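In the part that follows, the structures are each spelled out as C-alpha cells.
Next come two complexes built around chain A: one with chain B, the other with chain C.
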Partner chain A sequence: MNNLKTTKLNKIIDKVVSNIYLLMTLISASFMLIIIIFILFKGLSPFMSNYQYGVVNFLDFLFGTQYRPDMGIYGVGFIIINTLVSALLALSIAFPISVLTALFVVKIAPQRLSEFMKVVIDLLASIPSIVYGVFAAGIITKFTMTIASMLGVQTYGGTSLLSVVILLAIMIFPTITSISISSISSVSEDLQHASLALGATKVQTNFKVVLLSAKQGIFAGAILGVGRAFGEATAVSMVAGNKMFGPTFGLFNTTRTLTSTMIAGLKETSGLDYDIRFSIGLVLLIIILITNFGLNFIKNKVGKTHEKN
Partner chain B sequence: MKKILILGLVALLLTGCSSNGSTGNEETKQIVNIYTRDSASGTREAFEKAIDLDVISNTAIEVASNGDMITKVKSDENAIGYVSLSTDLLNTGLKALNIEGVVPSVDTVLNDTYSMKRPFSYVTRAAGDYKSEELQQLVVAYLDYLNNSIEGALVVSAAGGIVDTSGKVAFSTLKGNHSILNQDNSHLTINTAGSTSVASTLQATLEAFSPMAGNFKFTMNQTGSSDGYKRVLGSEKDGVNQADIGFASRDFSDQEDVTSALNSGIYCIDAVVVIVNENSEVNDITLDTLNAIYAGTQTTLK
Partner chain C sequence: MNKLFSVSDVNLSYGDKHVLKDINIDLYKNKVTAFIGPSGCGKSTFLRCFNRMNDLIDSCKIDGTILMENKDIYNKKYDVVDLRTNVGMVFQKPNPFMMSIYENVAYGLKCSGIKDKKVLKQRVINALKQAALYDEVSTRLNDSALSLSGGQQQRLCIARAIAMKPEVILMDEPTSALDPIATAKIEELIEELKKDFTIIIVTHSMHQASRISDYTAFFLNGEIVEYDITKNIFQNPKDIRCENYITGRFG
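Take a look at the complex of A and B:
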C-alpha cells in the first residue's frame, strides 16, 4: 500500500518537474522569438511605404556601395562583402592554427604542458572583447603600420583590414581550439589502435583518423568562431576605420563591417539612422545563417571525399 | 573543392595587393589622412558647420569617440582630426592648430574671433507637465540660476563651459522671484537627460545649486544629444527614462520642436579644436583649407 503511494507521488513529482522544464524551454525559446520579431519589425520598417523619416529603397540598401548617413545614402552591399572578407580571412588563419594546436595539446604534448595549454586557452577565450580591442588599437595597428611602411604603403596609422583580420583571428582562436580539444579527446582509442595496428604511422593516424573522426566538433568550433568573428563589434570598430565606400580588398586599406556600422554613434542618433541599424542587424543574422549552412556543407564534403578514398 | 577554395583565396589576395600597389608610390607619402567622428556626433556637426562643409570626402575614416580620435591621431603622423575644446590635450602627443591665426582658447571663443564652436542647449518639459507644481518651480529657479546669475556662470566656466559673464547678476537679486527656494526640497528630484558632453558643467551647477535650494536631489541620465529632446517632449517623455530637463550639445533640430517647452535656450558654448600629430610641421590652418581637406579637393596639409 505504502509502496504504491510513493510510486504515485513520484509520478506526480515527475510530471511537475517535466512541466517546469517545459516552461523553462518555452521561456528561453520565446526570448529568441521576441528578439527576432522585434528586429524584423524594426529592421523592415525603413522600407515600408508609410515610414515616417523617408522610405529607403530596399535594393539600393542591399546592393549599395556607399554608406553616407550624412547624405542620406544607406548602402550596405559593400559592407556585407567586407564583413565576409574579414571574417573568412580570419577563419582561414585561425582554423589551421587552432586545429593543429588542439591536436598537439591532446595527442603530442606531455601531460604537464597539455594541462597548462588548456588553462591558457580557456583564459584567452574569457578575455572580454574590449580588452582585445585596446590591445589591437595599441599593438596590432603598430605592427600593421610597420609592415605597410616597409612595403611603402601609407596607412591610417595601421587602421586597416589586416589589423581587423589579425584581431579576429586572435579572438576566434581560443573558441575553435577549446572545442577542437574536447572533440579530439573524445575520439575512441580503439580507432587509433586499429589504425596503428594496420601499420599507419602516428602522424598518419593523427591526421587521417583522429582529425576526421573529430570533424563534427571541429566544425562546430569553426561555426562558433566565425559567428564570433561576424558578431564582434567593439574591438573591430576600434581598428576598422569605418570607410564610407567599398568594398575593401586591400589589406592595408580601411574597412567597415556590419557590426562596426551598427555600433558607431548608436547612442547619439535617432530617426532613420537609428532604425536602419536594425535592418543591418537583420542582414547580419541572415549572413551568419548562410555561412553556418555553408560550413555545414563543407563539413559533409570533407567526410565524403574521405569515404571515396 | 579544396582547389577552388585555394584559387579563390589567391585571387582575392592578388587583387588586394594590386590595389595597394597603385597607392604605394613615393609621391603619396605625405597625403593627409582625414579623421572624423561618426555622423551622429555633436562635435562633428559643430565642426562641419564651422568649416561650411557640404559633403565630407569619401576617404575620411570615422572614429568612435573623442578618446578614439586622440588615440588615432596620435599614432598617425599624417592625420588631421578634431576634438572638443574642453578636452585636455596636454601630454597627449597632439598639437592644436590655430584657426585663421587665432589660438583656440576660452577668450578667443568669447570675443568671437575663434570660429569653431557649438552651443550647449537645454529644453524643459511643457508647463504643467511636471510630477508636481513644486518641481516645476524648482526647475524654473535652477534655470534662472544657470542662465542669469554670476554664480552659475562661474561654476559653468570652472567646469569647462564657455560663458559670457557680462549682463549676469548676483543670485541674491534673483532669489526673491523663487519662493520655492525658502522651503526644504529634499523630497524633490530633478531628472536630466541628453548629451553626455554637457555632463561636467551640468553636474557642477546642480551640485552648487542644491544647497541654495532646499537640498533637492538630482539624477543625471546623460546618454546622447538625441535623447535630450526625446525624454522631455518627444517619444519617451512619459516612459521610464523621462526627464525634467533635456540637453543637446547642438541646436535642437527641425524634428525636435521645442515651442511647447516651459523654457529652452543655450546656457554655454563649447568649441572644437583641430588637432594634428605633434610631429606635424603645420601650426596654423584656415577654414578654407580645412574645407578643402575635408571635402577631398586638397590632399596635403599645406
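Take a look at the complex of A and C:
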C-alpha cells in the first residue's frame, strides 16, 4: 500500500519537475528570440525605404571600403575583412600554444606544477576584458612599437593590427587551454595503454591518440575562443586605432574591427549612426555562425576521426 | 621444447603491497599458457610484467629477472619500445582507437616507422585475415572501428597486435566482455594463432583454460601454487587449493 503511494507521489513530482524544466527552456528560448528579432528589426531598418534618417544602400554597406560617419558613408566590407583577419590570426597563434599547453599540463607536468597551472589558467580566463585592454594599451603597444622601430616601420603609438592580434591571442589562450585540459584529461587510459602496448612512444601516443580522442573538446574550445576574439570590443578598441578605410593587412597598420566600430562613441550618438551598429551586430552574428561552420568542417577533416555512430 | 620466457625470483609490489611473491616459471614458445586464479591474486600484474606495462604505474617496484630468449627484458639497455613491438597485448575491454578500421591496424606499424603505403596495406590485410576479421570488414575498411560489434572490436584489437608480427601475445581476459558466440570465435582464433605466436592468457573461465591452453598456472595470493600441462592441472591437480578452485569449491 505504502509503496504504491510513494510511486504515485514520485510520478507527480517527476511530472512537475519536467514541466518546470520545460518552462525554463521556453523562457530562455523566448529571450533569445526577442533579442534576435529586436536586432533584426533595428539592424535592417536603415536599409528600408521608409527609414527616417536617410536610406543606406545595402550593397554599399556590405562591400564598402570606407567608414566615415562624418560624411554619411557607412561601408563595413573592409571591417569585415579586418575582423576576420585579426580573429583568425589570433586563433592561429593561440590554438597550437593552447593545445600544447593543455597537453603539457595534463600529460607531462609534475602533479604540483600541473595543479598550479590549472589555477592560473582559470584565473586568466576570468580576468575582465578591460583589464586586458589596459594591459594591451600600456604594454603590448610598447612592444609593437619596439618591434616596428627595429624594423624601421612607423606605427601610430603602437596601435596596430599586430597589437590587436597579440591581445586577442592572449585573451583566448586561457579559454582554449582550459577546455582542452578538461577534454584531454577525459581521454580514457585504456586507449593510451593500447597505444603504448603497440610499441608507440609516449610522444606518439599523446599526439596520435590523446589529441585525436580529445578533438571534439579541443575544437569546442577553439570555437569558444574565436567567438571571444570576434566579440571582444572593449580591449580591442583600445589598441586598434579605428582606421576609417581599409582593409588592413599590414601588421603595423591601424585597423578597425566590427566590435570596435560598434562601441566607438556609442553613448554620444543617435539616429542612423546609432542604428547602423545593430546592422553591424547582425553582420558579426553571421560571421561567427559561418566561422563556426568552418571550424566544424575542419574538425571533421582532421584525422578523419570516427565518432561512435 | 623451447623456452621463451624464463622468470626467476620475481617479486613485485605496489607501494607497500606485496603483490607477486617469489615467482619462478618458464614459459614455452608457440604454446598457449593460461593464468588462472581468484580475483586479485596478481594474474594481470604478472601478465603486465612481460611487456613492462607496469612501468607506467609509479608505485610499482619489481625485483628478480625475466629473460626473453636469454635477454633480460628489465635490463636498462633493453628498449621498451622494442619489447612492446615484440610482445603484443590484448586487453579485457576492446579498446579500438577513434579511427577507421584500417587505421587502427596500421597504427602500430606507422608508429614503428613504416611509411610505404603498399607495405602498410599488405600488412593490414594480412593481419585482418589472420584475426579472422577480414571477410566481415573488407568492404568497409574506412568505416569507424567503433561501428563494429564488441566481438569484432576485440578481433580488431587482436589484428592490431599481430600486425606488428610479435613473438608473443598477452591477453588479459580477452573474452570477459563478450557474449558466448563472440567468445567462441575468439577461442577458435587463439587455437589458430598459436601456430605463429606464443600466447599467454589470463582467464576466469575454467572451460576456456582447459579448452585452449597447453599449460596452466594457478595463482593464489601472488604465488604460483601449481604449474603444469593443462591436462594434468584439470584432471589431476596436485595441490588441494588448486583442486578446490578448479572444481568451484573455492573460498
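Just so we're on the same page, the second predicted complex is superposed on the first by the 304 of 309 C-alpha atoms of A that agree within 3 Å, B and C clash if a C-alpha of one lies under 4 Å from a C-alpha of the other, contacts with A are read in each partner's own complex, and residues count from 1 in each chain.
As a working rule, a contact is a pair of C-beta atoms (placed from the backbone, for glycine too) under 8 Å apart; a residue touches a chain by one contact, two chains touch by 3 or more.
Small disclaimer: the values here were computed from a predicted structure and weren't measured.
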Give the label of whichever partner, chain B or chain C, reaches more residues of chain A. B
Looking at A:Ala197 after the superposition, I want to know if it touches chain B, chain C, both of them or none. Which is it: first, second, both, neither? second
Tell me which partner A:Pro69 touches in the superposition: chain B (first), chain C (second), both or neither. first
Is A:Lys5 contacted by the first partner chain B, the second partner chain C, both or neither? neither
Which superposed partner A:Leu212 touches (first chain B, second chain C, both, neither): second
Using the touch definition from the top, say if A:Arg112 reaches chain B (first), chain C (second), both or neither. neither
Go through chain A and flag every residue that touches chain B in one model and chain C in the other. 305
In the complex formed with chain A, which residues of chain B make contact? 1, 9, 12-13, 15-17, 19-20, 23-26, 28-29, 31, 33, 35, 37-42, 55-56, 58, 60-64, 68, 71-73, 75-76, 78-79, 196, 223-226, 230, 255
Please give the residue numbers of chain A that touch chain B in the complex, ascending. 66, 68-71, 85, 92, 137, 141-142, 145, 151-154, 156-159, 161, 237-238, 241-245, 249-254, 263-271, 273-274, 298, 301, 305
Footprint of chain A on chain C - complex, ascending: 51, 53, 56, 81-82, 84-85, 88-89, 91, 93, 95, 97-100, 107-108, 111-112, 143-147, 157, 160-161, 164
Which residues of chain A touch chain C in their complex? 188, 190-191, 193-201, 204, 208-209, 212-213, 215, 303-309
